[in-house]
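Structures are listed in the sections that come next.
Two complexes follow with chain A in common, the first pairing it with chain B and the second with chain C.
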Partner chain A sequence: MTKQCRTLLATMCLAIFSCGAYAQNKTVAIGYQAPLSGEHAQYGVLFRNSATLAIENFNKSGKLPGVTIQLKFEDSKSDAKEGVNIAKKFSDDQSIVAAIGDFSSGVSMAAAPVYAQNKLAQLSQTASHPDFVKISEYQFRNITTQAYEGPLIANWANANGAKKIAIVAIQNDWGQSVVKYFADAVKANGGEVTETEMFNPGTRDFRSILTKIARSNPDAIYLGSFYEDGSAFLQQKVQMGIKQQVYATSSLYEQKLLDLAGPAANNVYLSTTFLVESPEPHVQAFVKEYEGRYGSKPQMFAAQAFDATNIVLNSIVAAGGANATRAKVRDALAATKDFPGVTGITSFDPKTREPSKILTKLQIQNGKYVLLK
Partner chain B sequence: MRRSLSILVIFIAIFVVLPGILAVVGGGYWFRVTTTIGVFAILTMSANLVSGTTGLMTLGHAGFYGIGAYTAALLATGLHWPFYLTLPVAGAVTACFGILLALPTMRLIGIYFAVATLGLGEIIHLTLLNWVGFTRGPMGISAIPGIALDGLFAASDMGNYYAVAITAALTAFVLGRLAHSYYGNALRAVREDDQCAASMGLNVVRLKIQSFAFACFFAGVAGALWAHTTGYISPGDFRFSESILILAMIVVGGLGSLPGAIVGAVILLGLPEVLRPIGDYRMIVVGAVMFLSILFLPRGLLGETSVLSLMRRQFGLAWDNAKQLGWRQ
Partner chain C sequence: MFDIFFVQQLVNGLSVGFIYALMAIGFTLIFGVLNVVNFAHGEVYMIGAYAGWLSITIFAPPLFVVILVALAIGALAGFGLERIAFKPFRRFRDEASLKSKAMREATLLSSLAISIIVRELAEKIFGSNMQTIPQDYLLLTPIQIGPLSFASGQFLIFGLSIVMLGGLQWLLKRTQVGLSIRAVANNPMGATYVGINTERTIIATFVIGSTLGAAAGLVVGLYQGAIFPAMGFAPGIKAFVAMVMGGLSSIGGAVVCAIILGVAESVTTSFFAQGWGDLVAYVFLVMTLIFFPTGLFGGGRDRV
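For the complex of A and B:
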């Protein structure tokens, strides 16, 4: 045996030995599917940032001695084809005890039957389609849906004296639910919906919609959109001299809206579950840590992902840490109650698996989000 | 002799070897990837008949794929039709739509036809998105029953694989016979010079409509397979970007070449999955592979001319020795 051979053998023995030593530290994995490329890549990056932060903090905290939590992140491109592939991949990987994602309801729901079939719990931080959690008992979400937000805003607007309201919303699954739940609540309060206008994703010219709703002469306008369309809508509304008060969905709580719309965004009423300026210490700790690490303040989507990851981590602890199985993690997730997240105290309804949270009321004043008491 | 041997080899590879390997090593993930590739192979083979063989570049194929998917999904969820009925019906409905929508565009060629089909694809996508009462709009259709037969077999990865593989094999057979025959030659003549073809007595408009109808039929069948194997569809699955993906697959594989269309689907869907370990860079690599393959193999990985002689040699397509019929090399 030559010297080189012996060295090689010794190295191999060492490698095997170190592997053995490493194996005593058990690894439990969480699968995370979200778009890192394609048209929604900006959100997937936020999710990865938050999830990485949450998992590293957890592993450092020593809550589960001898167990390392591993994050397995896969890029779905916001494409249903890839979303289903990833769901299969995660299901095959026996180290994964729970999955988080996807971003859009469409991809989350395409992946959902795969998770249901493989009895792997799936928690989406953002899928707000009303049917998502109805697919099977393995689907969860930690975002409040319009079934909760719509009536809250409707009551708020009615209390402020707005009885006749026009609704403008984006034409997607979420926009459909914006219209439905808000309109139902307004009618239940004895109010009137003067006009309902849906616009296709990517619309930047709202002048015809604005003309139409102005003609119906409402007391207020309810806007269900994201910041790109929302800022264009608000600017064109001011340009056309339409004076009605705007109430908006929580999706418009985004610094970029203020940057893009400028003074046109002033006076808009909206609600949110996450507030960057919140004085609560755990929210401040998260904001500081996130900003220090990634160079920008976290917004609602980053906070949702941070909470989703922590809820899953919590469930893994409750399911027995090193002995956590998929079934136990699912049951622990379903039992989530009063979880103190950065987006508020979250509980899952044991039967419907719908989350409940507290929404905070805001108004945009002088280019800033201001908390209303 | 050579012909039956070639067919036997392909059959064994698709129906025995590949599912065997997948069942042993792959698990659900690779089954799913192969199933998706199969669905897209049907799409590329059908789009290839129009864009490659007939030379009418279509940018609206995803729209017809969507019509098929929605037909199957609505029939299966609303009327509880089993998959063996929804598949052909989805194809037939899509073919009817294809003929109807293509009629006004049949006098167009080249880039004008491409832009017209782009418009058609967008019309279909926006109809699926905005006709909420019928298609459920952006909510999509969920709980579409899988490929299953009561008492015989339940929905499974293997069942999905065989359903897609059998349909893809049938598609390849039909489209192969169409493309490698006198009929296929007529289509190629239309592609090369439609006025010349017309002067030779070919009914150019009828040939164009027929090839478009065949392509739409198989696109509809592919849509039905996608709906049944996935269980949830929404208009987002049938956007313009899918049409572009299909076109890219055909061009990378080789315009006008049937095996090329399959190879294109395998590469553009398989490569991103194989490259998952390299994370953020995988789509850059996929783009680079596309770019380089077009740069160095502008006729595609399996160009039309070489494939035609290969098909003639291996499968005896469009060549009858006894009657001395067909075209000579």
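For the complex of A and C:
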């Protein structure tokens, strides 16, 4: 045995020994379910990036000495059955004190009863279906829903003098909630909804809908869609010479919309909770760190996941760190108040578990999102 | 209800109909010859759009060069498609195999397989998102005629459909290739016996059909501002419906039916909601199949 070998062996023994010495270093785990393959894989990847970043920062920060937080990430494939299986797996894993996910409302709601039954808190960063948090007291979300956003935009449009508004939204659960909450708020303000048009997912030609809107002659148009449909809509609106002001849902806050739609996107009003260009230092720190590690600027979805992870980490601290139990973490989550996240200051309503945030108003000007005061 | 907006709605419908027609032309040509649905036609359409888009982002040539690139790549794609998905199943030349339903269904599935593989590959390479098209190339320049709004792309799509339809009729009636295509479509065995090179004719059909498909994909992609891997699917379904309504092997019939579908959709949107548009289109299909089982223009199988 050479000297080198002996040194190596000694080091190894020491390493094993020292591990034993730190045995009381407790590991607390967070389960994260999101699609890493399948139709929505791109979102799951963003979530994993953000969650990994948040947890590594937390472990380095030493907020909980002697406790290591571990991230257990599972691929739900954007499939409800898979989501249920993961929820069962997480529930059986006693080291997990809280779960985050899934991406879509559908999968989140499929997994929710399993979490409720096992009394494990579930926080979704994106599930915005109105019924999600109504499933049990174990469901949370940190994304604002249309119940919050719709009236805000309605008031904004009404304050700008638009009384007659046409609504265009995608035909799905989310789109229906866009229409409902916005229309209710417009009517409550004494305004009028001239036309409500739901379009099928995958529609590329909006000219028929635009013609119908032009006939109803509104003061403004409210658009509830994702950026790809939104960009086609805006381009065709300009081509058809329809001049009405467009207000849009926060889902259109996406760099890709500006690339796709070009000048057609100018003047659109919208709101957002996360602004990459925000001057606030903690947002800039997140943007810089994320970009440095993953090579692209974080968008809304990545920021939502970053905040969701941090809210859970915060609740674990509040629930006693090493002694955190599932029940205590749930109660701490429900008590979340004024959490300073990158998507704004977030509070959960202790009863309904609905989040409230401050929405930032934006306008697209010369191909850029510009913050409105 | 019957005001200028209604006329605008008809214009919208016509432009949608011509998009379906562009796709239906190549689709019906291939069906007419082989009597089998080529499920990969939507992917050829997508490949044409991507080829054009790549040439735009790399060289930024004038539009007609971009179309030529799409045509060339479309021809290649058609040739490759025939080689991989259709040719291997024509190895058996005995009469039983030629008449076998299993053989026909085999190419149905192999073309579906190619379609899935190509689409997934495109998603892997380019991502499933829509590609950013430089604004200068978008065929969305507004053209206002009186109170009606048109886009430059609508005229190009209209023109292209007329040129394709006319060119194809000329090709089929006046050229050697076209005559052999019609002969093979009519009776492949008979065509072989009189000395027509069936293999080469089938390849030619695929090349021509796919060239048309690729050009359609590019023009529609630029007109809608939407080039993405799954772009061929929705118009593919409508082109299929138009082909069935038109009598399976009548190209002119498919074009007329595609226009009926487009106008029906937009007029329905005008009176009800957009979601009902597809329903009306399919009601037309069902009614056609009940009252005209061979399609509106399908006299027999001899026409291409």
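Odds and ends about this structure:
In the analysis below, the second predicted complex is superposed on the first by the 350 of 373 C-alpha atoms of A that agree within 3 Å, B and C clash if a C-alpha of one lies under 4 Å from a C-alpha of the other, contacts with A are read in each partner's own complex, and residues count from 1 in each chain.
Methods note: a contact is a pair of C-beta atoms (placed from the backbone, for glycine too) under 8 Å apart; a residue touches a chain by one contact, two chains touch by 3 or more.
What you see is a predicted model, and the numbers here were worked out from it, not measured in a lab.
After superposition on chain A, the partners chain B and chain C are seen to fit next to each other with no clash.
Within the superposed three-chain model, A:G295 lies out of touch with both chain B and chain C [touch as defined at top].
By the document's definition of touching, neither partner reaches A:P279: not chain B, not chain C. In the superposition on chain A, A:V84 makes contact with chain B only, while chain C stays out of contact range.
Of the two partner chains placed by superposition, only chain C is touched by A:A214; chain B is not. Looking at the shared chain after the overlay, A:H129 reaches chain B, while chain C stays out of its contact range. Within the superposed three-chain model, A:G262 lies in touch with chain C and out of touch with chain B [touch as defined at top].
Legend: residue contacts after superposition of the two complexes on their common chain; A:G161 is shown touching neither chain B nor chain C.
Judged by the touch definition given at the top, the superposed model places A:Q171 against both chain B and chain C. Of the two partner chains, chain C is the only one that A:V238 touches; chain B does not reach it. Put simply, chain B and chain C get as close as 6 Å, counting only Cα atoms, in the superposed view. Note: residues 171, 198, 200 of chain A belong to the chain B contact set and to the chain C contact set alike, using the contact criterion stated above. Chain A meets chain B in the complex at residues 36-37, 73-75, 77, 80-82, 84-85, 88-89, 91-92, 104, 106, 109-110, 112-114, 118, 129, 131, 135, 171-173, 175-176, 198, 200. Of all the residues in chain C, the ones that touch chain A in their complex are 3, 5, 8-9, 12-13, 15-16, 19, 127-130, 132-133, 135, 138, 140-142, 144, 149, 151, 224-226, 228, 234, 265-266, 269-270, 273-275, 277-278. Chain contact summary for the complex, chain B toward chain A: residues 27-29, 31-33, 36, 126, 129-130, 132, 137-140, 142-143, 230-234, 236-237, 269, 272-273, 276, 279-280, 282-283.
Contact residues of chain A toward chain C in the complex are 42, 171, 197-200, 202-205, 207-209, 211-212, 214-215, 228, 231-232, 235-236, 238-241, 256, 259-263.
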